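You will see two complexes here that share chain A, one where it goes with chain B and one where it goes with chain C.
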Partner chain A sequence: MLRLPQFELIEPSSLYGALAALAEHGPDAMVLAGGTDLLPNMKHGLFEPRMLVSLAGIEELRGVQVTSEGGLSIGAMTPLADVADHPEVRRRAPALAQAAGLVAGPQLRSMGTLGGNVMLDTRCQWYNQTHFWRQALGFCLKKDGTVCHVVAGGKRCVAAASNDSVPALTTLGASLRFERLGQARTIAIDELWHSDGANNKRTEGGEILTRIEIPATPAGHLGAYGKLRDRGSIDFPLLGMAVRLDLDDQGLVEHADQVVVALVARPVRIKGVHEALLGLRPGSADFEQALVPLAEAARRQCRPMANIPGDEDWRREMVAVFTRRTFLAAAEGASD
Partner chain B sequence: MRVIRFVLNGDPVETAAPAHWTLLELLRYGLKLTGSKQGCDKGDCGACTVLVGGKPILACLSLAARAEGQEITTIEGLMPLHKSRGGSGADPVQEAFDACGALQCGFCQPGMMLSTRALLNQHPQPSREQIQAALSGNLCRCTGYTQILQAVETAIAQSTGAPAPQPAWARDRELQGQEPQS
Partner chain C sequence: MAARDQHGPQAPWGDAFQVVGKPHRKVDGMAKATGQAIYTDDIQLPGMLHAKLLRSPHAHANIVSIDTQKARAIPGVHAVITGADLPTRYGVIPWTMDETALAVDKVRFIGDPVAAVAAVDEDTANLALNAIEVEYELLHAYLDPREALERGEPTIHANKRGNNVSKQVDLAFGDVDEALESADLVVEGDYSFHGSTHGAIEPHCAVAQVDAQGLLTLWSSTQITHYVHRALAHVLDLPAHRIRVIQPSLGGAFGGKSDPFALEFVTAKMAQMTGRPVKMLWTREEVFYAHRGRHPMQMHYKTAADKDGKVRAVDAKILIDGGSYSSFGLVTTYYSGQLLTGPYAFPAYRFDSTRVFTNKPPCGPKRGHGSVQPRFAFEVQLDEVAEKLGIDPIEIRRRNYLGEHTQTVNGQRITSNGFLECLDKVERASAWKERHGKLPSGRGLGVAGSMYISGTNYPIYPNDMPQAGIQLKVDRSGLVMVFTGGNDIGQGSNSVVAYLVAEELGLELDAVRVIAADTDLCPVDLGAYSSRVTFMVGNAAIDAARKLRKLVVQALAEKWEVPEQRVRLVGGFAVDLEDPERHVPSREAFQLAEARFDTLGSTGSYNTPTLGGDYRGGTIGASPAYSFTAHIVEVEVDEETGRIRVPKVWCAHDCGRALNPMLVAGQIEGSVYMGIAEALLENHDMNRFGLHAGPSLLDYRMPTTIDTPEIEALIVESVDPEGPYGAKEAGEGPLHSAIPALSNAIFDACGIRLRHLPFTPAKVLAALREKRAREAADASVSTSTSSTPAV
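For the complex of A and B:
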């Protein structure tokens, strides 16, 4: 039995009400979306806010819209299940639909939101544990302690960004709209991250992520998400990667990209992907051949650590395997 | 304490709980409905699955306040109405799980049967893949899942009048040349 610590709950029905509550209570308050990350973390004694501001009653934060430019504007409170099933998301941003559909299990996808997934706390096997467990081992840098159990002598937490939606959103060039009482800013998702696992996001107190904006993808857009996990459901990623291929009207790659999570505190964009695949035809022998050195390059650029479960060497080999598989999966969309 | 009003298994309820109580704690310790199980209490196992507005969610990671204004079904409400109260008795899903021996310790069953009921309400004749996907958030540490899948397929067969699939144990016995015992 894991009890939640005591807190007060505010359930505003408007965005303004939520922003005002956050402004009033400052660092004592935290935002509650679906609660599927925050509540287990609170049960483990990792956060002890005196006040939770629930966004569940704010209608305007929910739903997927197609913008006049043909992009997608997704309210932060849209459940992951709705993102995964939405026909326009599947058509315009297939990697995102796949990633959302691979988060946790079905119940958690109805509860957890896309905004909460972007704002997910980093994960570490020495951190996502009960207070009793962490105390027995000795607390770590990220919470209550002074040492890191992953990097001996390490002065910086390297807990892993584990949000399945983030690689897809990054390859899609998504931007995030944050609002504070009386202020709003929009940043590229690339600009959100720090490399410090203790807090890997550049956000300011009192901010709410309100919308996730995805620019229009071209007609020849292909995408896929590959996820390594022990079981086919429930588990967080041991490796999560999104790939993007945009084809010109001849069916040749004119843009390619690949972003990986479940490595370190920030998502990792693989270098050299665009150059390696430019001008190739998905499904052709040349394309498949090009994936061999590309998979090796991705493997060299990714260094899984003992921050999350799963042997690090195995996870590193899997970077190469999943690079090939995920690009081939994206390429299959070309024959549809 | 906050007052929470909702519809529980068809009956209106007015109750109260502190803000930090989960829906599971409200059901089990406030309302004494212990059918919803407290397994991992952190989202891993699905034993606490209940239906909110017909959708399976995890009660251990939902605040009690989330129940406000909702229609909630727990395993206690799956049986349409007890026969002694003039109802039709157990839900066909419950009958099928019983008939197929789809349980050992039974701890996962309330969640399994509620996820199944939600699936069948949406897709009366799901494929094997759809069944597996719908139950993929419910862990069972006893059965190995074979009989659970059979139970779901038995419930489907019953609703369409098709012959029920043969249980695995009957097939095994036949292979061994034995008569299945009734």
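For the complex of A and C:
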């Protein structure tokens, strides 16, 4: 078995305790949520923290609440399994419930958290490997090296954002609450991302993602998440897309959106979706007709790279297929 | 004296079987289910050190120098060794010993072990590995077998011919050229099989200890204790009687634990050097480098047939990518041709197989060793023959049936053969007649057949001793202890031995216990490979038990003053058949026999009869009995995504007599799972650096339960005249034809022939596009030519 490097573990029982520990130890410390991504990455030598600050004992970071405005406020430490199964999440944010239910496998969903999935490190087949493996090819520019094995001569890391929950949260207009000792900030999830795979998040030292806030969705809200993966469980997305359809009281689309991950370092919002579907009735021939050029437009806008496993040309072809299928699934109010 | 001469397939007491044929639990089932079973890594000994290997980061390089000074200086490090400390070459096949425990002078693949450290704990050992300095001189690395075939400089292994050929076999039987010339139809095509690995859930592990008398004990997760024993004696230059090898409970092997491995020699050597027990447990990544998995093959086949569907000749040319060492490669190369000559008769056959070395993890035996790849190519080609001749794919297989008690074109003796019944069963169960060719587009059924060996009479190293031995020891408590060198690797061989001994001696199963795979305690068996254990160890067990039974029966007959025929051992008792009131528990019967004959015990053995064709290599693949299999696979092809779903597989397997039908069904299910897995998902692939593309259980996509088809296991019992109560193998045969049946089902579903594994969605989409383009071209041709207006 691969060895987990030695580190000090702090298990505060309050958010204040966690923030104070981060403030005290600075860059030597990292936050440990469910550990389903961080611990394997540490075994691979991708992160070498001297200290881990576990959030597991902080009760206030867990749980799903419905806000007075009808939105959702989800503690960052809420297990993905709870997000997937929560009746209010399923009703108000179906794409998120579906996405959370498609992360990894059952065991990992009961350990892994929604906050952890948002903060997931980018992934690349040349990066998510052991130290020995990476050393054998001279490392890569995301960690320990200077060359990119995906793009010959590439100077910028193209590791892929692989968080299943993020497309759904983005279509839902979620905002993220970060806290550090004595300070807090709330940003739109759109604003979190860099396009640099080496570090694709605009975060500051000493911060903890504490809550994910989702504004109220209208009565006619529909959503779905489509995930391409080789197996029916376990795998990270080869392509992950969330779609949103809000219907007016006539049952016509008044708002539409689509966001895709597992392409490049940041999530990609597909342009022209709203315009393409506005005023159409899901289930109608016009709606299905409109999905054909939309699927093609989405394919043109998405350029999967040889960063994660799977034939990138096939992954690109699947953008079109999954665009159509995921919108149809949303229209049916059912998952793909 | 070989047991095959001494008993037949009948129940030992004349009528029904008492134990055999019933679905008993495995003897170690509860221990494994509850976590009580002791695996090698569970062994903890006082003062035990932990060892780690430094591995080559280069695919092909000379070692210029190794400096271990700094590593030795690290506190907690007890030993550091390099290839110079274990320079003796070994290899499972005596003619091709080309491995050393640690690289000597050069490395041949990324992951080749170079040095080893033993330290107080794993972290200290890892730290010391980083402190070892190795200077390499890089050599050209061969990743493409075609290049390795055509280019001789540099050589991966020095040889007299100055090339990179590991083994070449070219054999011909009958007049192939004449048949190709005169047959009504010849189908010709290229096929390829990618690499796949075993994926046993237990990683390799070894623990070595040297006691005060200098006895070396090695616990190892091996499937062939005897060869490890021999290899240790050879490499350590130690008399074999001062070495004891024990195989604890094993978490799967599938062929991947058949070779002697670096960790066995290294832990033994370091235990000798340090005087302390040494353990080495490989990481999952290291298991991928150790590999010995399925050989990638590039295959060119020609099949000649007449209009009636009768195959006239088969002509094969195969290039085998062996990876960096020989392993079982000599046998693989023979098997790639020798095992194709059933279940169909063809009068002419030629194969020309060449195994080359490349700078990749070494290939070896994986479930269905050497014959899964050619079986795929041929069965897909046979399907095409049927299509072109307008014959139903099952019917063409019936028409070419080899028959029973006959001989193959390459001189293999065939005894029992239940292939026709296999075809009948899958045909009926799948409703083939109603559904094949008639399902909606995107859904289809495909069929294929195969055969496999129940061990072979080729004993790896030449000797005249039995291939399998058994000893029985009887306790006054009524307990019979069975000692077998056979390796239970999860297939249930210990259970099978217990069933057979209980059957022969009329005992309840709990009165038989089995001690296995311990070279101090157990008579030699050649190990768990080539599907030999049930057949050979089973026969030896019956042999031993029958000798013991004779003594017990004689003692009772004398005591009761009745003829021996009246004494029956059944259900834990000895009974007088004509006066059933007269009976004693087995315990008392054994005590009577012990009083009459002294301490009770017996031995039994099995050796194969003389088999095989009278030509060089004619004994390789010659088996005392062959199993036969037919698969029907149902598929659904998503023509938009190219993804293939397999909702159901029917597999009928002729295993002779099913000694425990539950275990046979388990082997069928496991085989089908594994075959479909490597066809659709698994890929032991090297990237452009020669580095394994994803040596982890995340990236090497073994199917989960939800990716696994529903499997209907159908058992065919042809009852072999020489098998133990008529049994043949069940562990490997049921994998073979799953893969071509899948390809043939895809053809039925959407009209594309997939000849190159794995069947990725991208390949499916490409083939569908090609088909549409072809159809469009045909349509435009027919439009332009049919200019005559319709009337």
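Heads up, the rule we're going with is that the second predicted complex is superposed on the first by the 333 of 336 C-alpha atoms of A that agree within 3 Å, B and C clash if a C-alpha of one lies under 4 Å from a C-alpha of the other, contacts with A are read in each partner's own complex, and residues count from 1 in each chain.
Heads up, the rule we're going with is that contacts are C-beta pairs under 8 Å (C-beta built on N, C-alpha and C of every residue); 3 or more make two chains touch, one makes a residue touch a chain.
Quantities reported herein were computed from a predicted structural model and do not represent experimental measurements.
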Contacts of A:Gly205 with chain B and chain C, given as first, second, both or neither: neither
First, second, both or neither for A:Gln6, with chain B first and chain C second: both
Chain B versus chain C as contact partner of A:Ile234, first or second or both or neither: both
Which superposed partner A:Ala56 touches (first chain B, second chain C, both, neither): first
Which of chain B and chain C A:Pro309 touches, first, second, both or neither: second
First, second, both or neither for A:Pro27, with chain B first and chain C second: neither
Touching partner for A:Gly35 - first (chain B), second (chain C), both, neither: first
Which superposed partner A:Ser110 touches (first chain B, second chain C, both, neither): first
Which superposed partner A:Gly70 touches (first chain B, second chain C, both, neither): neither
Common ground on chain A, meaning residues reached by chain C in one complex and by chain B in the other: 1-3, 6, 105, 232-234
Contact set on chain C toward chain A in their complex: 55, 57-58, 110, 122-123, 126, 203, 281, 283-285, 640-642, 681, 689, 691-696, 698-699, 701, 703-704, 706-707, 760-762, 765
Sites on chain A touched by chain C in the complex: 1-3, 6, 105, 125, 128-130, 132-133, 135-137, 230-236, 309, 311, 313-314, 317-318, 321
Chain A-facing residues of chain B, complex: 2, 18-22, 38, 41-44, 46, 49, 55-58, 61-63, 65-66, 115, 133-134, 136-139
Complex interface listing, chain A residues touching chain B: 1-9, 11, 32, 35-36, 39-40, 43-44, 52, 54, 56, 104-108, 110-111, 232-234
